[in-house]
Amino acid sequence: MTSKAKPIKKVVLAYSGGLDTSIILKWLHQTYGAEVVTFTADLGQGGEIEPAREKALMLGIKPENIYIEDLREEFVRDYVFPMFRANALYEGVYLLGTSIARPLIAKKQIDIARAVGADAVSHGSTGKGNDQVRYELSYYALEPGIKIIAPWRDWEFKSREDLIAFAEKNQIPIAKDKRGEAPFSVDANLLHSSSEGKVLEDPAVEPPPYVYQRTISPEEAPDKPTVITVGFKKGDAVSVNGNPLSPANLLATLNDYGRDNGIGRLDLVENRYVGMKSRGVYETPGGTILLAAHRAMESITLDRGAMHLKDELMPRYAELIYYGFWFSPEREMLQAAIDKSQEHVEGEVRLKLYKGNATVIGRESPKSLYSSTLVTFEDDKGAYDQKDAAGFIKLNALRLRTLGLRDRKS
Amino acid sequence: MTSKAKPIKKVVLAYSGGLDTSIILKWLHQTYGAEVVTFTADLGQGGEIEPAREKALMLGIKPENIYIEDLREEFVRDYVFPMFRANALYEGVYLLGTSIARPLIAKKQIDIARAVGADAVSHGSTGKGNDQVRYELSYYALEPGIKIIAPWRDWEFKSREDLIAFAEKNQIPIAKDKRGEAPFSVDANLLHSSSEGKVLEDPAVEPPPYVYQRTISPEEAPDKPTVITVGFKKGDAVSVNGNPLSPANLLATLNDYGRDNGIGRLDLVENRYVGMKSRGVYETPGGTILLAAHRAMESITLDRGAMHLKDELMPRYAELIYYGFWFSPEREMLQAAIDKSQEHVEGEVRLKLYKGNATVIGRESPKSLYSSTLVTFEDDKGAYDQKDAAGFIKLNALRLRTLGLRDRKS
Amino acid sequence: MTSKAKPIKKVVLAYSGGLDTSIILKWLHQTYGAEVVTFTADLGQGGEIEPAREKALMLGIKPENIYIEDLREEFVRDYVFPMFRANALYEGVYLLGTSIARPLIAKKQIDIARAVGADAVSHGSTGKGNDQVRYELSYYALEPGIKIIAPWRDWEFKSREDLIAFAEKNQIPIAKDKRGEAPFSVDANLLHSSSEGKVLEDPAVEPPPYVYQRTISPEEAPDKPTVITVGFKKGDAVSVNGNPLSPANLLATLNDYGRDNGIGRLDLVENRYVGMKSRGVYETPGGTILLAAHRAMESITLDRGAMHLKDELMPRYAELIYYGFWFSPEREMLQAAIDKSQEHVEGEVRLKLYKGNATVIGRESPKSLYSSTLVTFEDDKGAYDQKDAAGFIKLNALRLRTLGLRDRKS
Amino acid sequence: MTSKAKPIKKVVLAYSGGLDTSIILKWLHQTYGAEVVTFTADLGQGGEIEPAREKALMLGIKPENIYIEDLREEFVRDYVFPMFRANALYEGVYLLGTSIARPLIAKKQIDIARAVGADAVSHGSTGKGNDQVRYELSYYALEPGIKIIAPWRDWEFKSREDLIAFAEKNQIPIAKDKRGEAPFSVDANLLHSSSEGKVLEDPAVEPPPYVYQRTISPEEAPDKPTVITVGFKKGDAVSVNGNPLSPANLLATLNDYGRDNGIGRLDLVENRYVGMKSRGVYETPGGTILLAAHRAMESITLDRGAMHLKDELMPRYAELIYYGFWFSPEREMLQAAIDKSQEHVEGEVRLKLYKGNATVIGRESPKSLYSSTLVTFEDDKGAYDQKDAAGFIKLNALRLRTLGLRDRKS
């Protein structure tokens, strides 16, 4: 399956329009003599994506080789929401905002590669990170014979200066603030923003305030709580405050609420799939609210057996997404199990948002499994016979008693 | 192993000194003609425990049959801390404050039963809850032949009025506010307070403010953050702000910090082991800080393989504790695995406490596995060869590519 | 939900036609004054089921209240085969032959109860075994308000003599060999026969040869091996030696092959759900062959990620079936995951059957993931670049090296 | 951590004395100008190891650089037995005979490298297999800075002819039958022999009889069964037929029994860690008996909770060993859990060995948890109250009934 040294004819590049991927664009062309097809996606990272078209044209890309697509709805509907059905958290706390976007971008690149007859794809991720793995595992899973070019692993540039020199030599416009190295590296989409590197490299030091990009701090947030209601159907959020919203609009709405109330910041040292620990600062305002709401919705609509099984499967599921195995049979198996559990996860959850907190204060559902008749301290009219508990305990204890007897003998 | 209907000679009662267990005390004596031994433990529930002695004497218990013990250090050292090594959360969010106290009380009752030659033990938990299971599984595991009396499951009383009438008839003093039914039921120890029942029975309705007992609300908390440092050794917290503290004192100190900053409230619908859903309101101020700190300490000192395995085992471990299986071989097996991982979990974590938030802002360790040399965006002097990533990805992708080829054929 | 002491009007009894369930039939009628509806199923236990009709009529059951059904195809198609997709083994070795039949019988009883307007169901399992749990959990899951009568737990009979006396008094015919107690207890269906109790109660003693009912011993089996081919489609066996067969016919065919070659005996001490250990002797001739064949079919058609996930989920899945939770959300979730993996499990497996051994000697599939090009020691024409392994190992080792460096320092 | 291109001064080679590692020996010397230290271990692969000394001397190795060690006892005691405590099977059937030997060889090479001041280690495994991973992960875990030379991945030879030419040029003696390529490749140690490649590459074709090396076929085995007894202490086998034996002698004894009775052959398509499927033929005569015996010993001495947890952890544990992560924190965590469970796994198991079958026919233990009093069909004198089962079932069913009620409404 190797394809080394084979000539590349046409390559689909995940192109942001920024300096780095512009350099890659030129470098691909020069190194391989390949026709470059650019793909620029709107995943809700903020900012316009149309300027990428001008930029690509200016760098010599043929108009028909420029692909620009708004993927926000598909991203939230087919990637973010399925993941939230699982209450996925990597290493107990991280909402996987970067991880979940990569498979979709990769899928679109492969779709385009097929459409234009390209034999290769390329991305702008470095050789130290997780994203290269997520992109490339997805490419390979979807198109086993595709050639992959990862310039950061291959090229001869050794420093920022080398890159700038190459850019200048190739008439790639350089924004003033891009001459020097950025104080940290950023990724963003509708689910989150992440920051890492440079000023964040010492995990003993608190992130400087300017790192945060899409949330205000809890301290800056209003002194009055905001109460919202999130509605669910089949495990997915479908409305906010009673207003039905499309997946992307819903997440955007929760993002606004989160940002305004200082919700969703995370400062984390995590374990990368490539083997080292790294420190990241994440902002997931809407996702943080959504996780709390979804768990609360499940708390009254999901059976205990289903919930506990989900909780046990979740760390593996989250690991698979973080490692880049979205398009793998085992992720799909886990998804099938998780989706099976969500049919009746439906109703409304009320949350109080206040200075960094997203606190559940009420849940209601036409499919509720909560029975005040069963649980009440008052007369339950025979719904539950307390004497049953004696037998329940006796049989659960039987093996422990047998064990206790044995262990006393020895 | 059944022992029904056998006469009871001496019974060790978990006795709080309150109205309900006083009624049980009398009822046991009258129903079984048994000598009653009272056991009252200080687990940090707040309030004095010595008054229980007077009360017991007054109810006719012989002085030598009154056991009162301060278990705070043992509770935190041998139960709370081992559990926190696992980052245990039941159903994703609950810190198990009630569950973890029951095995210790049960163990002490059995110790006393052996010391005084009692043939039975008794507790004041109802037949609808989890605590009866936790007590009785522990009793049976530790003393397989013990007889267990669970008055709430067995007695003839049908209402609060019946109980009050019995109390009056037996000269049991009744505090004025205990005549009617409490608006909710409470459990407390050094780790947490819980409230449930009555006014909390509708999960759609926000808990009334008077339910909260050991935390102020985030809204009431100071407008200035408080920064603290928690030190760890072998996975257990050992100091706050550089001051070494015993386990109980440490948890009490974190409780103070938590309470003052509105940290640790939880409003939850959970699944009981006896089969129904119930709604609880929990306050775990110090524990909430401790969990955040412990995870952060692990984030730089624990290997990825160990951490991910811990995360996968955790839901089961938490379930075992919640269900009452502390004294079971499987809990001990999981504990052995967890403890094995904690040897190097050592160092200091800095947290910012602010209006409900316990935010990690720094971690340092002499045993750190975080390597800025490896992770840096700058020149890493060959610590990591980016080209290795290509082979890493290629072999991880091989099975997915084979699969992709197969699936395209079909 | 309790319904104790409520009068019973009509009860659907799982009726074998044998002495014990005939006694139950009469006892139900006399104890509750209830109209009894009998349900007799052919699950391939061997022997005719029509005689049960005569017997029931003779015992006074109205013709319209006698239900007799051949469930063999449904049993294998909807219960046995889904379970075999999971390669389910309880406690590492047991093929769950009894466990898997109970939910189907229970489901049919509930179907009939609805059809005839019965308010109760009844079964002939004792209070010490697993089957009572399997029946009753299934009844309750499918019809939450149903009343359940478990005569063995409730009636006044204390000995075999009592039962015989009751039978005689009620003109229940007693086969000569049923007067005394059977030397062991038997359950059978198309998947297996089990024997337990009495002569088998000492696990140190080898089962006497007469215990075995549907297999000859390896010693008695032919000296020549028999080679067969089992064909699969979507994870289910569909043919033997190239002949397409319905599920029940296929299993019956494999049973014949297994029996004739001494395959499928198991002598086991297992852990019951009700808390004690018991010793069972099982004969699962066709199932033993089927498991070997299915695993072999998966070995070339299932991706590693899917297979390993299946293997990790299997013990839980098997436990759920053994404990009686077939009709539970968590079993259905696991089934969804397992079924998801089986789409391409298709092809043929060749096995050699010889004196107790079912040995795989060949597997072929149009969906094979086995690539001799990849694996060959010979020139692979660049299908696999051995140098990729260096990077693969380096990155997998990175965390271990970091750990090694840390641990040497300490 | 990379060390590419750095000069090598001294290298410790895992040296078998055979043609391939002799070629590596010379190649290392010529390619790196490095001093070569040979390490030859007796792991029970069969044949003498002393001839390796002569061979090494003849190839120019200094006497003090030749290390030869009998590791049989250490191998079985510290690697094989701990693994058998887990009942480890890879992909449901494989006893991991090759996998478990690699970490020990790697550990010894590192020990020697430290003793002689070597800066590199080398092995003779190819770039397509699992063994390179197992060796190198172990090397790196134990000595993070070590340099590793894997000649098969690096050298210029392209064919068998190239190797033979190099050997001839370097006066490496070539046994006549080594001129051509072997019809398959072999690995052996006290636990097993494996064969793969060439004549075995088509998984549809039955292995030719000459592939088998350490077992006779079931057909050739005696017509009379052999009955043996295996004794256990703390989960490890300690005696056969009442005779105490050291670990290696015990395994050798079971190997003899297995070989003579045609036990332990396995023909398998498995998933390699490097990503492809491969077909292997394994012979694990003693190990197959040992697994059956160990499970049987556990069946009466291990609590259900411990056993089921072990079964759930096992696939992961086996995967870790197969993948080469013996020296990893997660394997050690699992080992701690497993070992914790084995304290009382003690007693004797009787097995009947007959033509490929190792059938358990009896188990006895002073620590038995099996209670015929509890399980009996006869009068149990009140050991178990069947009425307890009603409550047990009622509470286990409660959530399912609640669910059933909900689902009927919708």
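We call the chains A, B, C and D, going by the order they appear; numbering starts again at 1 in every chain.
We adopt the following convention: contacts are C-beta pairs under 8 Å (C-beta built on N, C-alpha and C of every residue); 3 or more make two chains touch, one makes a residue touch a chain.
Protein identities per chain, from UniProt: A, B, C, D = Argininosuccinate synthase.
This structure is a prediction, so every number in the text was calculated from the model and none was measured.
Novice: Specify, for the interface formed by the sequence copies chain C and chain D, whether it is same or different in terms of residue numbers shared by both sides, with half as the dividing line.
Specialist: Because over half of the interface numbers appear in both copies, chain D and chain C meet with the same residues.
Novice: Pick out the pair in C-D, A-D or B-D whose interface repeats that of A-C, meaning over half of the contact pairs match by residue number.
Specialist: Equivalent chain pair to A-C in C-D, A-D or B-D: B-D.
Novice: Just give me the whole-number Å value for how far the CA centre of chain B lies from that of chain C.
Specialist: Computed from C-alpha means, the inter-chain centre distance equals 40 Å.
Novice: Taking each chain's centre as the mean of its CA atoms, how far is chain A from chain B in angstrom?
Specialist: 32
Novice: Which residues belonging to chain C are in contact with no fewer than two other chains?
Specialist: If we look for residues of chain C contacting two or more partner chains, we find 1-2, 271, 274-276, 303-305, 308, 316, 325, 328-329, 369, 371, 374, 384-385, 387-390, 392, 394-400, 402-403.
Novice: Over in the complex, which chain B residues touch chain D? Could you list them?
Specialist: 1-2, 4, 271, 274-276, 302-303, 305-306, 308-310, 316, 325, 328-330, 332-334, 336-341, 374, 382-385, 388, 395-399, 402
Novice: Would you pull the chain C residues touching chain D in the complex into a rising list?
Specialist: 1-2, 87, 91-93, 126-128, 132-133, 136-137, 140-145, 150, 152-153, 158-159, 181, 185, 197-198, 201-207, 218-219, 223, 225, 265, 267-271, 274-279, 295-296, 299-300, 304, 307-308, 311-312, 314-316, 319, 325, 327-329, 350, 352, 354-357, 359-364, 369-372, 374-377, 379, 384, 386-390, 392-394, 396-398, 400-405, 408
Novice: For the complex, which residues does chain C have touching chain B?
Specialist: On the chain C side, the touching residues are 303-305, 344, 366-369, 371, 374, 384-385, 387-392, 394-396, 398-400, 402-403, 406-407, 410.
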